[in-house]
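The next block holds one structure in the form of structure tokens; read it before the comments.
When the chains are written out, they are named A, B, C, D and E in that same order, and each has its own residue count from 1.
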Amino acid sequence: MSSIPMEAGLLLAGILFVIGMVSVMIRRNVIFMLISVEIMLNAAGLAFIVAGSHWAQPDGQIMFIFILTMAAAEVSVGLALILQLYHHLKTLDSDAANFMKG
Amino acid sequence: MILLWLIVLLLAGGLLAWIAQRWHPSAPRWIALFTVLSSLLLTMLLWVNDGASPTDTAWLIRLEQPWIPQWGVGFSLALDGLSLLLLLLTFFLGLLAVLISWREIQHKVGFFHFNLLWVLAGISGVFLAMDLFLFYFFWEVMLIPMYFLIGIWGHEKKRYAAYKFFLFTQASGLLMLLAILGLYFIHGNQTGTYTFNYFELLNTTLAPVAARWLMFGFLAAFLVKLPVVPFHSWLPDAHSQAPTAGSVILAGLLLKTGAYGLLRFVLPLFPTATVEFAPWAMLLGVIGILYGAILAYSQTDLKRLVAYTSVSHMGFVILGVFAFNEWALQGVVMQMIAHGLSTGALFILAGFLYERLHTRDMNKMGGFWTTAPKMGVMALVFVMASLGLPGLGNFIAEFLTLVGAWQANNWLTVFATIGLVLATAYSLRIMQKVFLERNLKQQVLPDLTFREMLIAAPMVVLMLWLGLYPQPVLDLAQPAIKQQLQAYTPAVPAVTSPAPQTAFYPPATDSTYFQKMKGETYEFK
Amino acid sequence: MAELLWLIPALPFAGALLLVLLGSRLPRALVTTIGVGSVGISAAVTLLLGIEYLSESPAFYHQVVWNWFNVAGFSPSVAFHLDALSMVFIFVITFVGFLIHVYSTEYMAHDPDYARFFACMNLFVGSMLVLVMADNLLLLYLGWEGVGLCSYLLIGFWYKEKANGYAARKAFIITRVGDTAMAIGLFMLFQTFGTLHIQTISTEAVQVWDTDARMAVIIAFLLLGGAVGKSGQLPLQTWLPDAMAGPTPVSALIHAATMVTAGVYLIARMHVIFELAPGAMMAVAVIGAITLLLAGCAALTQYDLKRVLAYSTISQIGYMFLALGVGAWSAGVFHFMIHAFFKALLFLCAGAIILALHHEQDMRRMGGLQKKLPIVFWTFLIGAASLAAVPLVSAGFYSKDQILWLQLAGENGNIWLYLAGLLGAFITSIYTFRMVFLTFYGESKTHVGHQPTMAIKLPLIILAVLSLVGGFIELPHNFGHVVLFSDFLSPILPTISVVPDFNRYEWMLQLLAAVVSLSGIFIAYLIYLKKPDLRASLHRSETAMAVHRFWHSGWGFDKLYDTLLVRPYVFLAKVNKDDVIDSFYTFLTRLAEAFHDLFSDSQTGLVRNYVMGIVVGAIMILTITIFL
Amino acid sequence: MNSNDFLHLMPLLILTFGAIINMLVISVWRNHKIIYVITALSMLAAFGSLLEQRTLGPHHIDPLFIIDGFAVFYMGIILLTALLISMLSYAYFEQREEQKEEYYLLLILSTLGACVLVLSKHFASLFLGLEILSVALYALIAYLRKRERSDEGGIKYLILAAFSSAFLLFGMALVYASAGTMEFAAIATAIASAGGLSLLMLTGFGMMIVGVGFKLGVVPFHMWTPDVYEGAPAPVTAFIATVSKGGMLGLLIRFFMEVDGFRYPALVLIFTIIAVASMFVGNLLALMQRNVKRILAYSSIAHMGYLLVAFLAGNEMGVQAITFYLVAYFITTVGAFGIVAMLSDKVRDAELLSDYKGLLWRRPWTATIFTAMLLSLAGIPLTGGFVGKFYILAAGVNTGLWLLVVTLIINSVIGLYYYIKIIAVMFQQPDAATEATARLRPAIYVASMGTLTILALLLVGIGIYPTALLNLIATVLDSYSTVAFR
Amino acid sequence: MEATFYIAGAVAVIATLLVVMSYNLIHALLYLVVSFLAVAVVFFTLGAPFMAALEIIIYAGAIVVLIIFVIMMLNLTYEDVQQEKSWLKPSVWIGPAILSLVLLAELVYLVVAVEAPGTVSVSVEAAAVGMALYGPYMLGVQLCGILLMAGIVGAYHLGRQKKKIVHRFLERRAAS
């Protein structure tokens, strides 16, 4: 159909990935962190799609589906945990959860 | 098989002693006593039966059992004169250690004797193992119970001392393990058979560089154990903090494993590398002799003082080992035994004093001769042994070592000999501070009891025996030593020039080794 | 009889062993019996052997008791060798030793450690006998160190006094310095000959070495080191004066008659080596000369009776060294024997005085004892005469004269050595009679408590007689020409050849010696008895007092060694008490702990930081992939 | 899919089946004991089905799975460890009020994930296995909901694991982009045909290492370990330390061997740095630590470093060394955490050093077992840890990895310090007050003591007579492994 | 088509940046939806229309909605937005941003440095995906099921609530 260079796709994925990464690092709100991780996973999925379309194989897309599944499972457990944490700490501040260190 | 049973006996005795505490508080003592005594008797039996009949090899008994065949590890034990001597020493001192703890150790008696017996088992294993893997195995096995002995029943800084001891020996031991592995692979690549067997590995030919590094690996373990000066710092702490039995075993036996390792492994395995390294090793020995002596002189803690004397005395061992001749090596063997006895005795003495005074500080002692003359006499003998008085075992050892060392290196021997003067200084200090002078605090020191005499008197007798008639010991060790030295003996046997005989002089058993040339020193190749 | 050789040292050893084991439980009488008896029997055996030796006159007796050990051809035996030289020594040791033992029974009568004393004394006698009878140098070394040990034990006998212990340690350590040199000498001997058997070495040395061979010289010097240490010669003499801390019989036996002359014995015994090393011989003589002068001067200034005698001993051994140094072997040994008699006598007398004066040793508080202790006075006088070499009547005159004469007339003679000896003789007679005058004349200052009884008197008298007549076995050839003693020794020790030109001057020299000796006595008489003003004026002179103090301190050797060796050593030891090397390992642990703290701080417990850690890791990995 | 495939996947099927039954039973009747029995039985059955596999030989289920000797052995140890952990968990959870039943469900699921990991030969199965393991672990770590630390550990692990999974995925995508396939063997062929690693591929590998390194808990991806170890319930900690890491390691070995990563200096360098850093950082972190769980966490970092030494040795010997070491390490870790679990009370886990003061005199047998475990971790003879460490050293020496080997030795010494520190604490005089009050029910106590005793005996057994295990490893791994050795 | 890719890509990047930078959770989520939609467009341009649909349905639909539910449960207020603002100080984000830029630079370098590969972009139809999914990847799908089961069981266990959560703001107000 079209000729989009693979680098462009991978670059886009890379940029999204890095943005998500920054976000994980700078955010203290746990939900934001979770969202950022989703961005990163999405970026990885994008990379798979790019690669898959490059090789004209369905495998990339299948990996994306798996990633999707995993993201869903992860988000559900993650949110449950966040609720639990909020229950204990009355805050979403991840820095507050540092009983364990050293 | 008897060798295996010897070790098993000790291990089993240890377990039994531990369990036996449930039955009766002093049951462990009796079990331990009985176990060690029977080991001693068994070994003596070995001496009587096998020691007297010299065969063509130096080995009296050998045992080979497969253990981990995949790696070429065998459970191989062997006994030669050297091992036999050290076993005798082990069990003798072990016996004393049991006796000495009779009253000193009052809590956790069972566990104490368990550890004691397992240390002895480990040490026996070290002296018997003829498979490098097994050797390393025992080498490590003896550390743990020793660690417990120091760490549980020691004095005030016991934990620090126990850590230090364990870390030093373990670190050095691992380096040896590395060298063992290197040797294993080099030998395997050469011959195609991968084995840890000592006898097989003896046939390895090594490139000079490899030999050097492997030798350093082995030396690391042995020099730390010995200990040689820059690596000695674990010893004063461990010795002074350990309970008396622990100190006796540490000084009397554990240090000897280092010397034994040098004789058994370093010399025959790396004949070229050792010759290269010999001057440095001897230098280390001399530094040890002098440095240990100076430190010993300054100590006020009696056990610490004695510990540093060990550093000094063990300097003679490395000096002698790296002289590569029979005199020196015989001296080293004698030194191992004599030092085991004399230093053990001094520690026992310190133990007696500690039991009475609850201090090891010599500044708080003095003038005990008046109330405890027997102890004084014993102490005198021990102290004199420590300073190398002729007539006692240490003299023979030191003299032979020095005679041998002289053939190898004159100047270093001169400095080593100066060590004798320093030895006098620190040894007499013990007498002076503890037994002489005025008893300022008016402490009444009970004299030795019967049990204590039973411990001390045999040591005196043995020391005198070693000093006046050491021939049995020397004979026993001789074939073994010859064997260790094989690689160093010049290929062509020295020309036998009969010593000039005069009518009445005793037959010249004296050396035929020497080329008697005017003003020319004999150089050892 | 030769089979009984081993008994001579064995008996005292057995005595010592018995006393150590049972000492405290035995009654005093039994202790006395064992202690004195063992030496007595030993002396008797010696006597029998001596008679047999004289009648049979073999080269030597030899007995192997057992083979000590054998290592690769190095096989010293516990074996005894008895020849004329040893004979002289064991005779002196057993007999003088016996007398002193007898004397001690009274001297030490009230000491609580009576048994210990005799145990040590017996041990000493045994060791000393081993020393002189050993057929190899290693056994000799055993005896050598054994006597050192006994010396240590006996100097520090009254151990409660800190100073005594200090003196004992000093003696042991300083002599050990010499022993170390000797030990190295033994290594070299062994290296060369493959044996330490004395006779073998003696016969082979001449074959192996030329005169002045480097090895021979070095060995000779090293042996000399041992001799110097044991015999209290320069520079290792400082222990001997302090050794007077021991009981007086000990001083008499060990630090006058026997042990300190072990050096003389060693040099005489190894004379073959020394003859091959003229340099070392010269050194022996020079050391002897200097020592005899220095010690003489020091003796002049001492107040402690025993210290005077101690310095005098050093000085007299200096004479023996002088003799040995010029090759006058038998003269040296002769002087040893005579010296043993009179010095033991003097010490025993001093002991009697000290005992009488309640352990007062300061001569300034003595005086006027001539009347109160007549026997002691007369015997002391005889001893003093012998020491001062009063011509004709005293044995000391003959022995010392022989030495002086051979300094000039001997083939290695040297006028400077002679003059030193002569000056020494002069000083000797001054301090000897200073002692006599201060102690026995003048007014009495201290109450006399204890009158000597038979056990003290008898040894004194016997020794006095010997000090008088002992000299007659060896008389100068212009004066009776008796050469019994040198003849006796001649198979063992080479006789010295005399430059014939000197023979006609011999009587002049003897006269000179006599005059010097007598003038010394006269001067002492003037200063210490006749003209107290003279003494007082000396005391007022600043220079004289400075010299006095300097001499009194034994030429400052103690101080010198103290600042040069002892203090630095002790300082070094104290500074390094906690072992600098240990601090390196402590540093390692500190380092590990510091790293632990560092890493531990990185574990903040904050997820953000952990994420950052992962990112850093990722960057690291990508960087590596880029650059590699 | 044919019946043969099913036969080979039997362990996984059994586990799935067990999980489903558990779920059904829970919905009908919540009973701790029954659930426990079902779990243990299903694990046992799964393990039993493995024994059958021995005779079957390597089997490919394209494209996702491979069942060969290597996989079987690793599955075997994973299953056995999981079984042991479930046995210890029973005692642990019995005294806690939390709903216990889901725990076993999750345990089975994550075990299943670990099994999938070691079976996989494709990125998809790798990823799925990893995620099953992880997702179940999130819940397991935070299982004790009343405990703040448990939650904290869970959320930390979740965010970090997802984060690192993203890296892994991105890396896989890059590799895929470069190679055009996600099968390990095909990737190897692609590399071979391309005549080397393209930069893109290398980048992909690099990013995958982040994900793998995180699971293994090696420096610098190690920071989660102490917190999660501390926060998680003791049996779960044991699970993380053993099953989770073991599964990942098995996968790493397979993948690396397949693509022969040792040929690429960049990868070797990366792993070398990671290994050295892990050993030092792990041990130094543990050095003065006073919390036993954290000590064990830090020590696990170091142990992963040790394992990487053998991994880098890379040949057959290296793999066998890793395998042996893993077995010893599994036994030791399970034993150690088992003891922690056993000494824990309702309120908190026994994790402070002071909890162990005088243990040798209070509970001699427990303390002896713990001592054996610690000595094994330290690599002292008479224990399996020694033989394992010896093997690793041998592998390292054989390949000539001197830097790594020397680092290992230095670190063994550092490590020794904190292990014997714990031992030293155990033989101090106990305070009178520290006597444990609440005791387990006798039956449970005996059961867990029995488990621990068996573990200790096993440990000493392979320490003294390792021949049998060595043989087993050699035959299982060699006879029908498809893992290609250099 | 190419232009669509680049425009959609730019939108995705910008929207994602806004997600990162916004203080309000809900706003951020909305931007996230935008980002997901943009990525879906990218998928479409890359010839994966089925995936584009899934992206919208699951990511933008399910997951984001799930998060919004939770946010609603937590009852966040203006105060939280302020707090979020205070947390996002430059001192907080500069370090990570630099790190990320380094990483990005490296990634860009590594990706671009690749020797130019073919730039074909063939549409892989849903059917092909389905065939693969239920062919070779069948077991993978099963594993997905197990994965979801783990997720559900975990979420169920952790999410069970016995007590009503009271927001600390309300708590404080009640206290005063």
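Observations on the model:
What we mean here is this: a contact is a pair of C-beta atoms (placed from the backbone, for glycine too) under 8 Å apart; a residue touches a chain by one contact, two chains touch by 3 or more.
Please read these numbers as outputs of a predicted model, since none were measured by experiment.
Identification of common neighbours of subunit C and subunit D yields A, B, E. The chains in contact with subunit A and with subunit D alike are C, E. Two chain pairs, C-E and D-E, are compared here, and D-E has more C-beta pairs in contact (counted per touch definition above). With every chain reduced to the mean of its CA atoms, the largest distance from subunit A is reached by C. Taking the mean Cα position of each chain as its centre, C sits at the greatest distance from subunit E. Between subunit B and subunit C the centroid-to-centroid distance comes to 37 Å (mean Cα coordinates, whole Å).
A separation of 44 Å divides the Cα centre of subunit B from that of subunit D. If each chain is reduced to the centroid of its CA atoms, subunit A and subunit B end up 66 Å from each other.
Subunit A and subunit E have CA centres that are 6 Å apart. Within subunit B, no positions touching two or more other chains are listed. Counting partner chains per residue, subunit E has residues 96, 99-100, 103, 107, 110-111, 114, 137, 140, 144, 147, 150-151, 154-158 touching two or more of them. Each of residues 124, 128, 131, 135, 138-139, 142, 145, 154-156, 159, 163, 174, 199, 202-203, 226-227, 289 in subunit D touches at least two other chains.
You'll find the chains touch as A-C, A-D, A-E, B-C, B-D, C-D, C-E, D-E.
Every residue of subunit E that touches subunit C in the complex is listed here, in rising order: 95-96, 99-100, 102-103, 106-107, 109-110. For subunit B in complex with subunit C, the residues that touch the partner chain are 164, 229-230, 232-233, 236, 294-295, 297-299, 325-327, 330, 367, 369-370, 373, 377, 380, 384, 389-391, 395-396, 399-400, 402-403, 406-407, 413-414, 417-418, 420-421, 424-425, 428-429, 432, 435-438, 468-471, 474, 478, 499-500, 502, 504-506, 508-514, 516, 518-519, 521-522.
Residue ranges on subunit C touching subunit D, taken from their complex, read 592-593, 595-597, 599-600, 602-603, 605, 607, 609-611, 613-614, 616-618, 620-622, 624-625, 628. By the touch criterion stated above, subunit A contacts subunit E in their complex at residues 1-12, 14-23, 25-29, 31-32, 34-36, 38-39, 42, 46, 49-50, 52-54, 56-62, 64-66, 68-77, 79-84, 86-87, 90-93.
Remark: subunit D residues 1, 9, 16, 19, 23, 61-65, 99, 102, 105-106, 109-110, 112-113, 116, 124-125, 128-129, 131-132, 135-136, 138-140, 142-143, 145, 154, 174, 178, 198-200, 202-203 touch subunit E in the complex.
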